[in-house]
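Take a look at the structure set out below.
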Amino acid sequence: MKRSNGRKEDELRQLFLGPGFVKNALGSCFVKFGDTHVVCTATLDEKVPPFLRNTGSGWITAEYGMLPCSSSERIEREAVKGKQSGRTQEIQRLIGRALRTAVDLRLLGERQIKIDCDVIQADGGTRTASITGGYVALAQAVQQLLRRRRLDCNPIVRQIAAISCGIVDGAALLDLDYAEDSNADVDANFVMDSDLNIVEIQMTAEKNPFSKASLDKLLAFAEKGIKEIATAQQSLNLIGAK
Amino acid sequence: MKRSNGRKEDELRQLFLGPGFVKNALGSCFVKFGDTHVVCTATLDEKVPPFLRNTGSGWITAEYGMLPCSSSERIEREAVKGKQSGRTQEIQRLIGRALRTAVDLRLLGERQIKIDCDVIQADGGTRTASITGGYVALAQAVQQLLRRRRLDCNPIVRQIAAISCGIVDGAALLDLDYAEDSNADVDANFVMDSDLNIVEIQMTAEKNPFSKASLDKLLAFAEKGIKEIATAQQSLNLIGAK
Amino acid sequence: MKRSNGRKEDELRQLFLGPGFVKNALGSCFVKFGDTHVVCTATLDEKVPPFLRNTGSGWITAEYGMLPCSSSERIEREAVKGKQSGRTQEIQRLIGRALRTAVDLRLLGERQIKIDCDVIQADGGTRTASITGGYVALAQAVQQLLRRRRLDCNPIVRQIAAISCGIVDGAALLDLDYAEDSNADVDANFVMDSDLNIVEIQMTAEKNPFSKASLDKLLAFAEKGIKEIATAQQSLNLIGAK
Amino acid sequence: MKRSNGRKEDELRQLFLGPGFVKNALGSCFVKFGDTHVVCTATLDEKVPPFLRNTGSGWITAEYGMLPCSSSERIEREAVKGKQSGRTQEIQRLIGRALRTAVDLRLLGERQIKIDCDVIQADGGTRTASITGGYVALAQAVQQLLRRRRLDCNPIVRQIAAISCGIVDGAALLDLDYAEDSNADVDANFVMDSDLNIVEIQMTAEKNPFSKASLDKLLAFAEKGIKEIATAQQSLNLIGAK
Amino acid sequence: MKRSNGRKEDELRQLFLGPGFVKNALGSCFVKFGDTHVVCTATLDEKVPPFLRNTGSGWITAEYGMLPCSSSERIEREAVKGKQSGRTQEIQRLIGRALRTAVDLRLLGERQIKIDCDVIQADGGTRTASITGGYVALAQAVQQLLRRRRLDCNPIVRQIAAISCGIVDGAALLDLDYAEDSNADVDANFVMDSDLNIVEIQMTAEKNPFSKASLDKLLAFAEKGIKEIATAQQSLNLIGAK
Amino acid sequence: MKRSNGRKEDELRQLFLGPGFVKNALGSCFVKFGDTHVVCTATLDEKVPPFLRNTGSGWITAEYGMLPCSSSERIEREAVKGKQSGRTQEIQRLIGRALRTAVDLRLLGERQIKIDCDVIQADGGTRTASITGGYVALAQAVQQLLRRRRLDCNPIVRQIAAISCGIVDGAALLDLDYAEDSNADVDANFVMDSDLNIVEIQMTAEKNPFSKASLDKLLAFAEKGIKEIATAQQSLNLIGAK
């Protein structure tokens, strides 16, 4: 299978990270992986969820949404349907879980940072783009809180990025676009830190079960991709992990 | 009251109209009035609402939403709350009503165009920006349908734009930003066509009732603003009104 | 176009204001404009919405509903559908906004008056009838609170009434019934105080845009109607505006 | 216990049945049992529920609601809460069940009559008042359908009425008002036809269990009440049971 | 009509009461009436509903549900539909009401016991089985609370059981299964204490109204059934009524 | 860390598979992994989701729920909350995805099998128990359809089972119970077929990121567990994979 734009099998799409896209948010990032465009923002909430009250510990949570026209078939607005789909909830739970590992929640103190990821245009890999851009929004928000002396020390302990891989027509591919994703035999999402330790793996056989060899191959591709994404994040000169 | 950036009382904020912002939509426009930024898209739906079935007539409808971080206080996501607020519904009903007057619904045929207006950043005047940008997305969509021969003739009969005005500290002002809007005695929204015929007036006393003289003053300001916005819309060289 | 019952173009329908219709409410009014019948009630709630807590200021809010059989086509019960329609919310927001201008909210103190407007029979103009009757229920409730010494001084600062006008078959008409409203080119609702200062204008082109001359003509008709309605309200000998 | 207005233990409150109260409904009745006031309406729906399609059989269903100010404590609007309470659903299921026994559903043909019962003022016994008034609205609707030749023959086979009884401070009482109902040891609702056959009994110990003797005593009171109510229904000269 | 398994008209189905079925609950009972199987559990909640706060009085409440496959036609999951049906709410209100009469709520203290009744398999009589098994779960929970010294004295004042009866093809029957229930002319549910005092009667004509003689006959059958069920409950050697 | 009951690190809990537990379902299985008890059922629906209509292809879908008292803290009923939680939806999407790989959907024909998994008692691993028991219910349902000649040939192409693993206090463990799961550093769920090909991996760092070595270790444990579970499934003598 020929990839569009002559991409190689282990090549990322064009990556763009635009911090500060939304002026009203504490931190924000407009992230593009090719034609997948996501607005990520970070806001502070001085309240934590009930289970953390009076524990001294903070929380990171995420919400995810797609604009109705982000997809080639218009998606019905979840505010109109009256509820978030299972897919939406699954994705926002993943984003929150991934970004919580970036932070020492006790150093954050009893406050919450909310990461909103809104997809403007979707062409595959929106959940991994959201984690990658969400990390940037989070780092920018923490930087602001340190500047404004709302935080005394940097609670970020780990730099987080994510990428999708898959097997399409028998070939392992890095960073699937929508056309590739729709034809994938195996679909995998990897979240890692910048030292390539694993934070989360989700790997699913879309048609036939797969072997351990396929798992190893995709993991190697993911490591290559994460390394490049982490470098791009670092080049923004935001606050780094302690 | 001094306006920010030294704006004059009857001066619009910097206006930007970016058609084609979202590649998956039939028509789209990224509209900015100063720091108010809205993504407007238009999609085709071959089904019409039940009351129009077998009438030969089409429909234009609109949906409106604000990203959680578009405002300086994070707004809870309506998909999470499980319903659209009264304000949201009021605004999207206004947008739909306004844009329906742009089109001869019989020439459109038994199909529906949906206009989605999603606010990325809010600084006052999001509903009038949505109408102004929604018209551009609509015109681009119609242009596409004509090119693809899905439509035989242009159903657009009128070019539509909208602007807000208000009375703040006794002074009439054109195109209020959020700070001005929050202090307004009178708040007005005007929808007009490019010949300055009136499509809709919504005018509300926020504190004290107002006189007919105030109404006349604000209407004159609105006419000036609409004229300039209509010129900007025309400069995009999209299909015009028949 | 001949109006039913030989009404003149600037003539109101038969108006009836029956205060005290519901014994359990603090204030109430059964209002009839011809065949449009609305039960308006006012209740006291010692709690204010969150944004007013500890401000010393009170609030007036309104809710609106239509009985399923109030219309000639049975309307599905909103309690069954599980949500209020956009139209319902738009109307109740209008009623609340209009009646808040009747009251000095600081004199009311940190309490809330809720106005419920339930349409028993609908024949056009239910929102303006609700404002007119809601004002009577509000005034009766305030009178009760003064009698029971729950209030020290009268917080009503303005007497409020409302009426619809429109252009049908080229002719300006006052107080449209349902048949007229369905055929209107322009549909307008005016809220004013008894001195004919304007509280709110909502004016919409249903078919073609309209001129400033039409606006002026309908405003003049509205002033005539409001004057007569205000006189009827005064004849009830409820507490007046300070 | 002294009853208000010197009522005897087996005496009904003042009963008023006003058919034709709502002009837009096919049938309607404003029913008053003392200070309990309910608007009952009947509408025709040419569709039946899915389980009856193509069976040739019709259906009677009921909906029940209370206006927010019908009670001395304002009741939150179910349209705002987004759902009908368990109590509401229980009551409307009872009303529908009771009125279905009045009709030969096969003679009605494959169509549905919806009975709406909306409580304007509540002082105990709203469900039995709804059944009593709902029967009148139903009979008037059937009379209209026969006149308009939408029905060929009268499907009403039985005249239905309902009344509440209870034991308060050891004494059996007919037709409890709210104060009595709140203090009742036993609360019972009886639906019967005009020949005093039983359609439904609901009898509940609010405090202590009761004996068969209490059941017999209340049933005798109910028979007296139903007889009087049935006579009042007959005096309206609507269509009777076949 | 021949009953399945050669049951006599006044014979119960095989009854099984299995206390302690769910290890995580304070009290539990797996109850079977023939092929009707229900899991009943009791949990303690230290909070009471708002209307009981600071009264010193406790509360018993119940919730009811059917597993989707409990019925021969799969029932849509209420969690998916987004609301409990009217039938579900009616049943759980009945269970709660019945079990509250078993307890002196003041002796319970300001705490709440929640009874959950989940139907694993349905073959008629699920609501009466729920009351019967719910009483066992309640008694076991109270026994636990006494053992753990969370309660000082036994608040159970009455032993409660329930059974359905009906008239099918002219014959009175005890403990209807689903096939019988579907053909019943009269359907009745009786809740009684172990001394055969009546707690609740719900008796409904499914087709034709019935006479007082039928009521008396079914009541006698119910007394026989309740006596046997109460004996089975007592044989479990749980805490008894004071 | 000592495991309860002296379990070894790579030892499963006591496994019980009880097919035919619910008589009304086409297929069913009561599955126990130690104190985790789940009722799994399979029903046939002759309708497929819209996207499959007229494709000749069938579908397998799953729904998941927990009884309120299945957990040591009572869980609020989702039917009462009005929606399924994100966790519930995530789990039921996983179950459906896993069981779809067991079946050739074209051989199933245009019909749907619904798998319901209801947790009676929860002690860790409910989602993997649901997949394991859901497969049994599915196989039993297919066997029934073949017997009743509703299916011509066996559409099952693969035998599916699932198990959880994790790292607790530095040690890899198979089949975590709730106490272990709550303390896990890494939590993983594996779905495989009986040939140990991988269907899905979900692996999450709960505290610190993990290495590839950990992944490999847990995968080896999972293979051991799946082998034993698959043997237990085979011993039921249901229809096997083609």
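The first chain written gets the first letter, and so on, giving A, B, C, D, E and F; residue counts start at 1 in each chain.
One rule holds in what follows: a contact is a pair of C-beta atoms (placed from the backbone, for glycine too) under 8 Å apart; a residue touches a chain by one contact, two chains touch by 3 or more.
Please read these numbers as outputs of a predicted model, since none were measured by experiment.
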For subunit B and subunit F, the touch-path distance in steps comes out at 2
Of all chains, the one whose CA centroid lies most distant from that of subunit C is F
Across the interface between the identical copies subunit A and subunit F, with over half of residue numbers shared counting as same and under half as different, the residues used are same
Max Cα-centre separation from subunit E goes to chain B
Whole-Å distance, C-alpha centre of subunit D to that of subunit F, is 51
CA centroids of subunit B and subunit E: separation to the nearest Å works out as 59
Rounded to the nearest Å, the gap between Cα centres of subunit E and subunit F is 33
Each of the following residues of subunit B touches two or more other chains, namely 82-84
Among line, ring, star, complete and other, the chain contact graph is ring
As the complex stands, subunit F meets subunit A at residues 83-87, 89-90, 92-93, 97, 101, 158, 192-193, 195, 197-205, 207-212, 215, 219
Counting only contacts in the complex, subunit E reaches subunit F at residues 22-25, 28, 35, 39, 41, 43, 45, 63, 65, 67-72, 74, 77-84, 88, 114, 116, 118, 120-122
